[in-house]
């Protein structure tokens, strides 16, 4: 512990004067002494945690939305037996907590002979969860397609697939993209519970640091701020992806 | 969400966090215990034989017996607070409990933030696994996956000595560590020898046989820093219990062994 | 002593489930009340409360519930407040719920056609009167379905409080899973418990939504 502290002074009366030299972010407010000096030591780990969480989000988001498109398609056209299957899948995953799904996949499935590593279980749970939500979100978008549009496309002799892709899916995605983006952000924030199955994402790193330096409050406070920044980033990224993939792309 | 808003929010949170600081009432904990007639003790509920739950969901085990023993000597009612290995120190440093009796070992890192009593239970930690995995010393952990509870002595010790290509899977609590091993998520597990024996007693899923022992790390009662009066009192109680056989009785009951004389 | 019969498992899970239900109800009611206050600030005319409400919503929607709980649970103790797990869980969920409900309800208020504002202004109603007699009643009609839908999220979110040691359904489940070493059985039962709590709610929300659309 360095002997010199820099004091931060939010309330002069409460703060004890301490020596001014030193650039370390450490300040004293009555009994509890905030100490963020651990940050440089663990910066690398925190960065890894951020990358891990982003990775979970990117893979979960991409595959989840793809499943969502497939699910919405089968539900809308009621293709047997997929329409029915997707209905059960959506209800099951939307009505149980992510944490419990994670526990079932990680601790439960091995007794059926399916062993997944922490990161595999985390990704699987993310994908399945987002898949269920995006199925519902995209389906709502598809249902809003005006019948006249489809009839018009029919009369232009477009195939069923062309109609689905250009007349139904693209406008539907454009309509529901904000909702999908929110869902991806919510799932990203929810992924913090993956720390419970030893997937080494950001909250895992926070818990790890906390178990080494015992600075619970500072560590969690910092991590919360990191998540906040990540939420901002993911929302922006979704906005850009949406613009690139759905809005701007020239029609063939 | 604009970035301007983000920074404003961050600034607000910072201001709130700092502005709302009230002085922490730092009275003598022993005084408080005597006055209120209750003592809050952090105990494990996922670590047989030290602490586990029965079908009534009440914790029982070595640590709980010791907590009750200390409570009786102090003449106060014991309030058991179940904690996990990862958060037992914050429970103490943030004043949520008065004592941590949670099969906790002593190390330099911990001694910086909390104080310890004299030892109250023996504990050898080691690496355990099924018979068909051949590991006899720490170097042979290379390429193996080992489950361990984050922040435990086993975790700190293995992190230091294990080869770099050993995969240490750190779990939040002993529940998860043990379940991960039993369900086959990891090849090996690092935990206490008596814990391994106790798990073997209760589960037929996957045997834990001793691969090698890592460290002799007896258990101590953890106290908030600077509570010398309470520390002296707890030490006195443990010393007395060692002498009059009360602690040995607890050891017989839960560890099925005599309390080692050199504890 | 150590042996759990299936009935023991179910019995203990039911107790945990009751706590989950209680926590959800408390969070929903208190969060709804707080959310209403936040909503009024957010759509009000004064700038400062509006900005504050916006930050409040951004903050709780932009960070993980788990970390909000950790910060509350360990943070408040540093300031000399002793926060037991149930209180931290209740408080954290209330704040979380209020932010989401305020935002959902804001969407409903904004969905009320502009013409309604203009028409009521023509009748010389004050802002309060406009809100009370024209806007909020219509917004409320729109809000019922998504609010019931969000109740499902509240019930599911309570699972996270298990991590700070509140012995609700999930925590009870993981304690039993450890005592019995039958994680598949126990977690399946836990999942079933949540499904039983959530499915009727989400079904009800859906039928409300359908009725609303049919009415328009």
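The letters A, B and C name the chains in turn, as written, and every chain counts its residues from 1.
Convention: a residue touches a chain if its C-beta (ideal position, glycine included) is under 8 Å from a C-beta of that chain, and two chains touch if they have at least 3 such contacts.
On a predicted model such as this, the values are computed, not experimentally measured, just so you know.
The set of chains touching subunit A and also touching subunit C is given as B. With centres defined by CA atoms alone, the chain at the far end from subunit C is B. Once the centre of each chain is set as its mean CA position, subunit A and subunit C turn out to be 19 Å apart. Rounded to whole angstrom, the centroid-to-centroid distance between subunit A and subunit B, based on C-alpha atoms, equals 33 Å. The set of subunit B residues touching two or more other chains comprises 1, 6, 9, 13, 17, 21-24, 87, 90, 94, 172, 176, 179, 183. With touch defined as above, residues shared between interfaces to two or more other chains in subunit A number as follows: 32, 107-108, 111, 196, 216-217, 221, 228, 231-232. Shared contact sites, meaning residues of subunit C that touch two or more other chains, fall at 59, 62, 74-75, 78-79, 163, 174, 177, 183. Residue ranges on subunit C touching subunit A, taken from their complex, read 59, 61-68, 70-71, 74-75, 78-79, 152, 156-160, 162-163, 170, 173-174, 177, 182-184, 187-188, 190-191, 194-195, 198-199, 202. Put simply, subunit B touches subunit A in their complex at residues 1, 3, 6, 9-10, 13, 15, 17-19, 21-24, 26, 85-87, 89-90, 93-94, 109-110, 112-114, 147, 150-151, 155-156, 169-172, 176, 179-180, 183-185. On the subunit B side of its complex with subunit C, the touching residues are 1, 5-6, 8-9, 12-13, 17, 20-25, 45-46, 52-55, 57, 60, 82-84, 87, 90, 94-96, 172, 174-176, 178-179, 182-183, 202-203, 205.
Against subunit B, the residues of subunit C that register as touching in their complex are 1-5, 8, 12, 15, 51-52, 54-55, 58-59, 62, 74-75, 77-84, 163, 165, 167, 172, 174-179, 181, 183. Chain contact summary for the complex, subunit A toward subunit C: residues 32, 91-92, 94-101, 103-104, 107-109, 111-112, 185, 189-193, 196, 203, 206, 216-217, 220-221, 223-224, 227-228, 231-232.
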